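This structure is in structure tokens; I'll ask about it shortly.
As written, the chain order gives the labels A, B, C, D, E and F, with residue 1 at the start of each chain.
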Amino acid sequence: MTSASTSQTVRADGRAPDELRPVTITRNWLDAAEGSVLVEFGRTRVLCAASFTEGVPRWRKGSGQGWVTAEYSMLPRATSTRSDRESVKGRIGGRTHEISRLIGRSLRAVIDVSALGENTIVLDCDVLQADGGTRTAAITGAYVALADAVTWGKKHGAIKGGKKVLTDSVSAVSVGIIDGTPMLDLPYVEDVRADTDMNVVVTGSGDFVEVQGTAEHAPFNRTELDVLLDLALHGTSELAIIQQLALDEASR
Amino acid sequence: MTSASTSQTVRADGRAPDELRPVTITRNWLDAAEGSVLVEFGRTRVLCAASFTEGVPRWRKGSGQGWVTAEYSMLPRATSTRSDRESVKGRIGGRTHEISRLIGRSLRAVIDVSALGENTIVLDCDVLQADGGTRTAAITGAYVALADAVTWGKKHGAIKGGKKVLTDSVSAVSVGIIDGTPMLDLPYVEDVRADTDMNVVVTGSGDFVEVQGTAEHAPFNRTELDVLLDLALHGTSELAIIQQLALDEASR
Amino acid sequence: MTSASTSQTVRADGRAPDELRPVTITRNWLDAAEGSVLVEFGRTRVLCAASFTEGVPRWRKGSGQGWVTAEYSMLPRATSTRSDRESVKGRIGGRTHEISRLIGRSLRAVIDVSALGENTIVLDCDVLQADGGTRTAAITGAYVALADAVTWGKKHGAIKGGKKVLTDSVSAVSVGIIDGTPMLDLPYVEDVRADTDMNVVVTGSGDFVEVQGTAEHAPFNRTELDVLLDLALHGTSELAIIQQLALDEASR
Amino acid sequence: MTSASTSQTVRADGRAPDELRPVTITRNWLDAAEGSVLVEFGRTRVLCAASFTEGVPRWRKGSGQGWVTAEYSMLPRATSTRSDRESVKGRIGGRTHEISRLIGRSLRAVIDVSALGENTIVLDCDVLQADGGTRTAAITGAYVALADAVTWGKKHGAIKGGKKVLTDSVSAVSVGIIDGTPMLDLPYVEDVRADTDMNVVVTGSGDFVEVQGTAEHAPFNRTELDVLLDLALHGTSELAIIQQLALDEASR
Amino acid sequence: MTSASTSQTVRADGRAPDELRPVTITRNWLDAAEGSVLVEFGRTRVLCAASFTEGVPRWRKGSGQGWVTAEYSMLPRATSTRSDRESVKGRIGGRTHEISRLIGRSLRAVIDVSALGENTIVLDCDVLQADGGTRTAAITGAYVALADAVTWGKKHGAIKGGKKVLTDSVSAVSVGIIDGTPMLDLPYVEDVRADTDMNVVVTGSGDFVEVQGTAEHAPFNRTELDVLLDLALHGTSELAIIQQLALDEASR
Amino acid sequence: MTSASTSQTVRADGRAPDELRPVTITRNWLDAAEGSVLVEFGRTRVLCAASFTEGVPRWRKGSGQGWVTAEYSMLPRATSTRSDRESVKGRIGGRTHEISRLIGRSLRAVIDVSALGENTIVLDCDVLQADGGTRTAAITGAYVALADAVTWGKKHGAIKGGKKVLTDSVSAVSVGIIDGTPMLDLPYVEDVRADTDMNVVVTGSGDFVEVQGTAEHAPFNRTELDVLLDLALHGTSELAIIQQLALDEASR
């Protein structure tokens, strides 16, 4: 993703069009969770907690297979103006549901549920500060928390057998076209200006798990779609390395 | 989409891999709605009602712009076994929210809200019978109901000025890879078997409005993605013709 | 109900005061439901689906008796102006509850729950288009769907023993006094003008299951009540014949 | 209602078949309410509070007409075993809705909303102890509380003009057929045994406001219906006298 | 609490600052409840019903221990102006929750759950009329209803063994500082004027179960706190006697 | 609070009975909030965000007075085992309501609402990790966030006039008696073992705002109450210093 035309565009935060924001992954941010990560994509800050429990929901009992699910939420003042709590409103909004389901599907794509055995891992992704890309940061961080929870499960004997539970890693990034220029990892100010906005979830080996492209202002053609997919693959290949580096560090 | 390899595959309902199910669009199925369509994709049957009201929600007043939104729902016995009503459960599920939002976004992609003026059109898409592809049938039918409601608005003087309100048509279709074969317009039995499942929303001129691809069982690579997109574009180009034919018929 | 005085009144739709609207009962409107009927009383159109499941709610287990219940609902654009969905509002209105309970009671009046055995039949009555008399059309159609579901249960061995499950048929009709004239089967325009409005549920053998009379504008006396009951019995005797004719047709 | 056959039947509480339970109406049971009555039909005890407020709901503003509405509820331990609170369950049951609506309609039948002017009266009917006939006791007591609230409104100048606000009185009673004998004012033990159960709301001048008859176990014929209506009219004529006597007493 | 300074203050209702309102406790106000009390603190009137059921919630099964819990609620017209029902609003307010929990904790402080055995007693405290001190009246009355329910449990063999179930009595009273004068048992008019408001729950032997002091308008110092605690202990010692007198009366 | 008997007690974390856990207050933890603090009492970690908005709720308009309110919540994995989200359950629990109200009252005790003018400050206190004392940490941190929001309001001209908005500081601490020893600032392991548990809210000048003492296992006497109050005042005097030190640091 280094075409002459885009390399000269200057973004508000000084990045090149194909450059990620600074990404940091802090493991073990919580004392009690079996896996926990504070992930930051620039100013976007998401706390991902993995809760490991033996047993599975009733509909899965006796299957020999585990279950991984996720819940996404945003603190009321994660955004520039305060929004009402969903617990106070008494109902969960469509956007929250949609993102929770996306995170869960993305993680299940790299889990071998038979190797996990009848155990459940719930990923809570709470956005502490939102500046665009909260769902992609959540997926990227949740994978690391999930990996730690799987390690915990093996260490504590809840996951039996030597089979590999995680078949691959998974990360996600947003891409969009702004004033004709395809850009990687959009902060809020870019997100609202994008004509086309795409969230792409990719495995460590470079295959797609989810492709969600939306024409915000104008439909997009096949060429634009191809450029955006290239850009996304470039971003997730970098994120996969950052995830691996974080997992290579000894736990505190 | 007529490669030698796929043309010989036999589907349970006798279709070729790149063939749509029989599609019928019955306009004016309701007496009172400003636009209404009973759309059928094979056994999938969706009632799309467009309600035109003058005025817009409070947050849009004074903008000179209109608003189009959609609500999707499924009757309890649309499916092979009965499911509980969301009104009885007291909460709307994530899937319902997600599809309602998708339909709304798809229609707004082809509406010029300034030309619509401060009017609101609500599309109710109620699935009477579900056999896969309910969201794609809903989008395809809702566009026709929307077109009729726009015509109503012009005829009754609520939409003023000669500007074109609909900038293009829009339709949607599902595609998936089953046992290695890419297939168009999946009924329920195929949908549950697909490795990859994609819903694609396309304008009449062939641009993308939404691309939502999900790896159900195994991540998919770039080549598979490309084949699926080709297949989807083939399907939506046929749907665009069917929509136009329906709209060309004189209303009763 | 052919007194000289009323036979000369002209109704807006050309009917005589003691005449039903055109009634049509289309069986097997759905592919999957164990019984399903699209019933029409003039423009009022209700989809009645009967879902047969083996087993009964917990409180009835071990009783040897079955259970029949009903849920009534209206699509948002069934009416001349759109109304909000109860699933979106998060609560079911009093009117919906009241009619669901009425339909359930009416059907249970003709079911021998011991002959049904420990099976449950749920009747979903969804109003697709409303023009007065939706609850009476729902009861009339639901009976036919119920009869089909009972036949299904016998054919599939879920209902054992040769005992008659349905002890009688049941249908319902509305009656009212408009400008001093008692009238049968009121469409919406007549319903809102009626001084007294009565819904009467009657068995095939002519006994009452429910009598619900309400003084909308002025209390009514004993004579008026008697005339309305006569008129209702006249209507339900015709409906019983229409139900029987529908059931006599071979299923597709 | 004094046929030889029924006068000899002995009821569990020693009453004749056509005899009301002891009825007491205690006015001004609350200090603050504009009208309040503790009404007792035997052991059934309902607190009826009328709240008078100037102004009407938005949809009625400018009409010059007032509004009367009612809410019915039951304390958790009003019954022989405790039932869960609807506030705890988070939703109002169908039965509660149905009875609230019935009470409201019954009272509106004797109110001249134009004479009331743009004022609202809300009747809260809370069942403190339930032993059958709670809805009929509620209507009977609520009328007296309503009358007191109307008097309050006139005295405090909120109701202007000399027009009569209450056009008649209204009371209600239950009747049923038990083992072939028609009986008046059923306590719980009789209510559960009744084949047919009817609640009848009647004005002081003897006209019907509501007739709600339900076949609990077996459909009923025209003759039975007629006998029950006679019995109900006999009961409500006595209740009308008891209401008048209560209103004739000087307020404390 | 008989300091010279306070004994001369005249309260609106003629009481001395350290004087309770007239307190009456009417037992067996309901026919069916295992214990029931109508308690009055002046105009404040609370119906306390104790429901005894054998068995305990699932999380307590097999523990050999019983459970006591409470629910507090207020009728809509208990107050000087009508408030909306929580069942209608669909959610329980924070104040209701808080007081329900307080009553439950207060009663559990004097219950030996092992002596109670695996039985559950639910206390429903419904405020029929509110004039300040509803939570303290509720606790005081609920104790008496609880004592009657325990007696019922022993008499009917549900509570086995001779161990004492109630280890002490418990009552509660409010105190506050108004214009510099500490006062006991505040009615509504005093409550709203108090700078500091405290609810104190005390056992029959004079120990504290709960102390809840709140600075309504100005923080309070240690001396004021001490004076209020003295005053509260004076009040609860009187309430303990009134409770005992009520329990000494033979049940009807 | 340095009596010989308690100074020798060894707590699990090595503290003396009258010693606070390490307390840290990190200001400006969020970029967008007008005031924000990450407060830590040992392992308890609460994010307090103050949102300043011009204007007040409708019921306060035209009063010239501002409004301060608070919402408390806990992330699902703040605790040692995961708890369900209140947004998913669809209702806010009693404990959450109770603590939200307590925080709001505590802050309002040190705010001069007239000096604040018609502005609203909402404090969101989200517990990221819970190890006892979450409500006291929340109050202590929220005060600092509130102070920053007030400074913001003055700097941006929303708070007019030179009057002091904050009349004092406020902090809170828990105290309890464990095995006969009064202890300050209880972590979770001590909290569950405490016989008596008290939360005390105190101003910077040493006056009480709230005193909430609860006998968890055994009622407590006056002497115990006095010792606990002494201990609490000792703790809050230290917290007041820590708050001031945090506020003295220059903002980043």
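Just so we're on the same page, a residue touches a chain if its C-beta (ideal position, glycine included) is under 8 Å from a C-beta of that chain, and two chains touch if they have at least 3 such contacts.
Keep in mind that what you see is a predicted model, and the values were worked out from it rather than measured.
Shared contact partners of subunit A and subunit C comprise B. Subunit A maps onto subunit E through a rotation of 120 degrees [Cα fit, steps of 5, range 0 to 180]. Averaged C-alpha coordinates put the centre of subunit E at 28 Å from the centre of subunit F. The centroid of the Cα atoms in subunit B and the matching centroid in subunit F are 52 Å apart.
Rounded to whole angstrom units, the spacing between the C-alpha centres of subunit C and subunit F is 60. Shared interface positions of subunit D, defined as residues touching 2 or more other chains, are 90-92.
The ring of touching chains, read from subunit C in the direction of subunit D, comes out as C, D, E, F, A, B. Taken in their complex, subunit F has these residues touching subunit E: 91-95, 97-98, 100-101, 105, 109, 168, 198, 202-203, 205-215, 219-222, 225, 229.
Residues of subunit E that touch subunit D in their complex: 30-33, 36, 43, 47, 49, 51, 53, 71, 73, 75-82, 85-88, 90-92, 96, 122, 124, 126, 128-129, 131.
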